[in-house]
Amino acid sequence: MDKIKVGIVGATGFAGAELVRLLAGHKNAEITVLTSRQYAGINFNKIYPVMKGIINIRCEEYNQRTAEKADIFFLALPHKIPMEIAPELIAQGKKVIDLSADFRFADVNNYEKHYQKHKAKHLLKEAVYGLSEVYTNRIKKARLIGVPGCYPTSALLPLIPILKSKLIKPESIIIDSKSSVSGAGRSLSLTSMYCGVAESFKAYKVASHRHSPEIEEVLQKNTGCPASITFVPHLIPMSRGMETTIYAKLTDDRIEEKHILSNLSVYYKDRYFIRICKDRIPDTLAVRGTNFCDIGVKIDKRNNRLILLSVIDNLVKGAAGQAVQNMNIMFGLDERTGLDKAGYAV
Amino acid sequence: MDKIKVGIVGATGFAGAELVRLLAGHKNAEITVLTSRQYAGINFNKIYPVMKGIINIRCEEYNQRTAEKADIFFLALPHKIPMEIAPELIAQGKKVIDLSADFRFADVNNYEKHYQKHKAKHLLKEAVYGLSEVYTNRIKKARLIGVPGCYPTSALLPLIPILKSKLIKPESIIIDSKSSVSGAGRSLSLTSMYCGVAESFKAYKVASHRHSPEIEEVLQKNTGCPASITFVPHLIPMSRGMETTIYAKLTDDRIEEKHILSNLSVYYKDRYFIRICKDRIPDTLAVRGTNFCDIGVKIDKRNNRLILLSVIDNLVKGAAGQAVQNMNIMFGLDERTGLDKAGYAV
Amino acid sequence: MDKIKVGIVGATGFAGAELVRLLAGHKNAEITVLTSRQYAGINFNKIYPVMKGIINIRCEEYNQRTAEKADIFFLALPHKIPMEIAPELIAQGKKVIDLSADFRFADVNNYEKHYQKHKAKHLLKEAVYGLSEVYTNRIKKARLIGVPGCYPTSALLPLIPILKSKLIKPESIIIDSKSSVSGAGRSLSLTSMYCGVAESFKAYKVASHRHSPEIEEVLQKNTGCPASITFVPHLIPMSRGMETTIYAKLTDDRIEEKHILSNLSVYYKDRYFIRICKDRIPDTLAVRGTNFCDIGVKIDKRNNRLILLSVIDNLVKGAAGQAVQNMNIMFGLDERTGLDKAGYAV
Amino acid sequence: MDKIKVGIVGATGFAGAELVRLLAGHKNAEITVLTSRQYAGINFNKIYPVMKGIINIRCEEYNQRTAEKADIFFLALPHKIPMEIAPELIAQGKKVIDLSADFRFADVNNYEKHYQKHKAKHLLKEAVYGLSEVYTNRIKKARLIGVPGCYPTSALLPLIPILKSKLIKPESIIIDSKSSVSGAGRSLSLTSMYCGVAESFKAYKVASHRHSPEIEEVLQKNTGCPASITFVPHLIPMSRGMETTIYAKLTDDRIEEKHILSNLSVYYKDRYFIRICKDRIPDTLAVRGTNFCDIGVKIDKRNNRLILLSVIDNLVKGAAGQAVQNMNIMFGLDERTGLDKAGYAV
């Protein structure tokens, strides 16, 4: 099989660089174009010297001719730009995997309420939400994917099966998430400076983060339950990783941990990247650099409350890795292709 | 006034060392004896070279004669030993501030269920729970203090006023806490090694931590509400600091953030170490090295749910600092004495 | 005695904030004015919330009237601005302690070669180099101090006595320094971002750092030896601290470690902030947050080479702490005033 | 080609785990046995959960039958044990790659002086020093490899070509190295605890580290110059990575940076893992997780002194990666096999 020609638009941000890392080691793909407004004309491996000897491509500015250079484009751009670029790529017969929020919402009102006016509404109907394990069949046939946010990925993977099986009460869901600082991206800001991050742990956008409506829309669509969640994100002083602790009332006080574990195991049967943890507690270090999502379960019997714990690498399963997984599914490849490297034990 | 003679039993653990740091800078106290089983015969400033020039005392083994050397003893020891030592110190007319769990519980059954058989039950009735801002009056007259755990301190300070005023439903309380690794103490363990901590964030003792019954007993006693909480602690890759995010259902959907803020402000009126945050989110870096507890408030209107955020330095307000604050109160000093140094901005 | 009225010009950078921390706890000083161009009108404790309850002063823009508000001014500004401000302050009878390079060089050509044209040359003659332990007598009578750079402080303190006693060959000196990232200041830059700093260790400005001529000028003036050093700074992934390892050929192969130790001990007799380490290796953690400089000594017998090791906190002895120490000396106070708080053991 | 059957003896230390990571992704090798004394009977992926889904082998105790299970054995054990095990493996026709010091020294006296009595002297003559780029031809035919220490690797790679070409004076070499804490291994120790490592930078074993004689023996053998080096290692608060800054007097003051760069480029022509840095300074972050050694060059003209800068990942090129590279060379494979994955940009 010929290699899939891949373009990365916005290659020099953290998600873009992670796409380069993963795709450079993908046996069925070949990166043919990298774009960057800020670094046009500069070799990608100068910006990220770790890539010297791995990739040797000069960044170029995105323009009319970019579309010709690849079969599929990953858009790793700030919200708003993808909805301007995606239509022209689709129109030229290209596949598009967008990592922004622009194509995550089926309900345009929901998007416009939390982001801005949408300029490519006509594509929303066909855009598929790229939560790989949940939307597999639709992804297979998709032309346009909206890759889920990192928080939604870490929350939805454990929640969807459980809520779908009506094991928890939808109005009782609380999601307490903790993200590493790479989630804030590569833009300069005081809050991303080493001296402000080290030894700092804090919440932010308390119950007002834009990933909240994304989680609710997808939960509802997949479970039929009208979910209204309370979502609080926090920042951890580390480079990669995300942990989510979810609390919800069980619908029946006879439900035990084994039922929850079994429910998850059945739902994610044969799905390589979901590791249900029976005898250990999910730890960000155990998924670092990988596309795994580890899920743990605990019931607080006294309060008849379920606690779900999940960890992902926010740059991999929470962004670039899931994007590549979706590409694999779209092209009929084993979903693990290019995503099967072991993480670092230390 | 003569200086208070102070002994620290178990001076070489992290809480002990923090007591040394704070008391070495306390104008009304003088450290007269430091004990350590492991380091007997060695100068304290050899174990912690940062203390060279600050303190110059040789550690000695605790024995029958130790009691003579001070007016008040801080016990920074593993659970179980304090209940053997405290009675003899009290019998000799000394005051005792214990940092273990041994004198935190009024209900001996509660202690014995979660720890072990209690050997000094007769002292439990008079022992005062050293949550300084809440038990001030009892602390003034106390001979024996059980200093609260770090998690309980961070949870109780925001919760007590709110629950007492019946603003939240007691059965709905969820406490999601995150602690730095110094909370695990100085004992060697794989989970405290640098390579296992860095880039690792994870929950532990999910809904089964022994600080849970402590929180419940104190909540109930102070608010009259039978609280049954869900408590999940997590570990953050950093040296000092603790953040607690609390979720609870409001009892009335007309309650607004300003009511909660006002409730807290009134309850903690004139209490220096409680900083109610009106326009910023509590951040561990902002209390690092200090005895402050910063409390933030947010209401998730859609779900009629209150979110309380609190941060402390687990070694200061969560242990040694609160212990010193209690000593100040017991001796009629300004509670800030020795605890008024600015933390590091970086 | 009345409190010294102190102004800090450029209070919101890292060195400025450290000055605030130290002076807020100084019993003989009172901060009366804080200036900041960027944060004029904002309370200092909003910018650094750790200072809430410690200091309550609104930042203001520096202007013609600022001089009236204090007896002494600390200038924590980028190079070039102090030489514009200092003359007018001095003219109004104020004392000035400048933390930039503007008043460090006695030889204006040396300054102009490595920085820019000097606009206050007339003050260079009277400006005193604020290496507190070496220039004590001149500092006592100074109106204007140029506080040494952090690298020079860490290198000069061990080197001056040794070179002065002709124990090492001046042409053989190599200085390998390592600084934490706070040394780069609070300005936004990719190299100060958490994700670029964590797990990154690297040299920079190899043999071309502007602290090199500063070290040479001061060495030569104090020892009479024409020193030409090789200086290589590196960046450590941590917030505070600086380590310097110095290599030099011994002038005589009979020199032993005890001679070096004794030489240093004699030179720094009764100087509280210099701790000569006889049985431990200097560690940045042991000086963190303090004004100490720890110095260690080792001789590589086989190669007849001396190795000097020194550590300081770059923000304290390397900047704000030494500045305050100089103020103490200028005002006839115990040099330890305000600088006697214990560092954190953890 | 059949896959090479590989055994790892001592698989659960950091170097062992890194071997597992690299070999699990090696297309021409198959791990057939993992031994561990401490974890015998436990699945490797329970000890390192990041490996779940990557490898599924139960650790077993090393015994008489272990030899049968593989073609080649990596020994990742403390010094002294390999010299007991290697002879029996060699006797059974197996190839052995030892990561300890036991087979690094050609001169048994040198080994016995710095380690202990050698019990397998007869193998020292045929053992090959596994500095892959320098001993390539001998490695091709070796049965037994002594993999270099991490410090020697980082120092020898830049030094050998330069010293061989007599560009520097052998008696003037100073090696200032900085290692991450994983270099200390997985054994419990106070100095490896998070709270002791974070914000701590310090030297250790100053001019007395056992890697010093190793560096000297190899330097001398490869360059003909009797080198007597001064070597000072330091510890950096990070998990992976090593930086080495080398100082030496140039033999001729007409030597320029371009000559040094050219010398290195010629010596390492076509060697993938050596990256000569012409326009950037080596940074540990740029080699993290990879087998690269980045080398930088700077001349301090004023002092006619060469500064060489090198970085490696101490667990990869400094241990497991170089071991695998050697296996590749021994088996006639492309040396990059299994070592070609991109490192993380963040």
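Things to note:
Just so it is clear, A, B, C and D label the chains in written order, and each chain counts residues from 1 on its own.
Operating definition for what follows: a contact is a pair of C-beta atoms (placed from the backbone, for glycine too) under 8 Å apart; a residue touches a chain by one contact, two chains touch by 3 or more.
Please read these numbers as outputs of a predicted model, since none were measured by experiment.
The chain pair with more C-beta contacts between its two chains, of B-D and A-B, is A-B.
When chain centres are set by their Cα atoms, the one at the greatest distance from chain A is C. Centroids built from CA atoms put chain C at 37 Å from chain B. Distance from the chain B centre to the chain D centre is 46 Å, each centre being the mean of its Cα atoms. Between the Cα centres of chain A and chain B there is a gap of 39 Å. Across the assembly, chain B contributes residues 14, 182, 195, 198-199, 237-240, 283, 285, 288, 346 that each touch 2 or more other chains.
Across the complex, chain C is touched by residues 14, 17-18, 20-21, 24-25, 46, 48-55, 182, 239-240, 272, 275, 280, 283, 285-290, 292, 294, 315, 340-346 of chain B.
The part of chain B that touches chain A in the complex is made up of residues 171, 174, 176, 178, 180, 195-196, 198-204, 206-207, 228-230, 232, 234, 236-241, 243, 245, 247, 281-285, 288, 296, 298-300, 302-303, 305, 307, 309, 311, 346.
Partner chain B is touched in their complex by these residues of chain D: 14, 181-182, 186, 188-190, 192-195, 197-199, 237-239.
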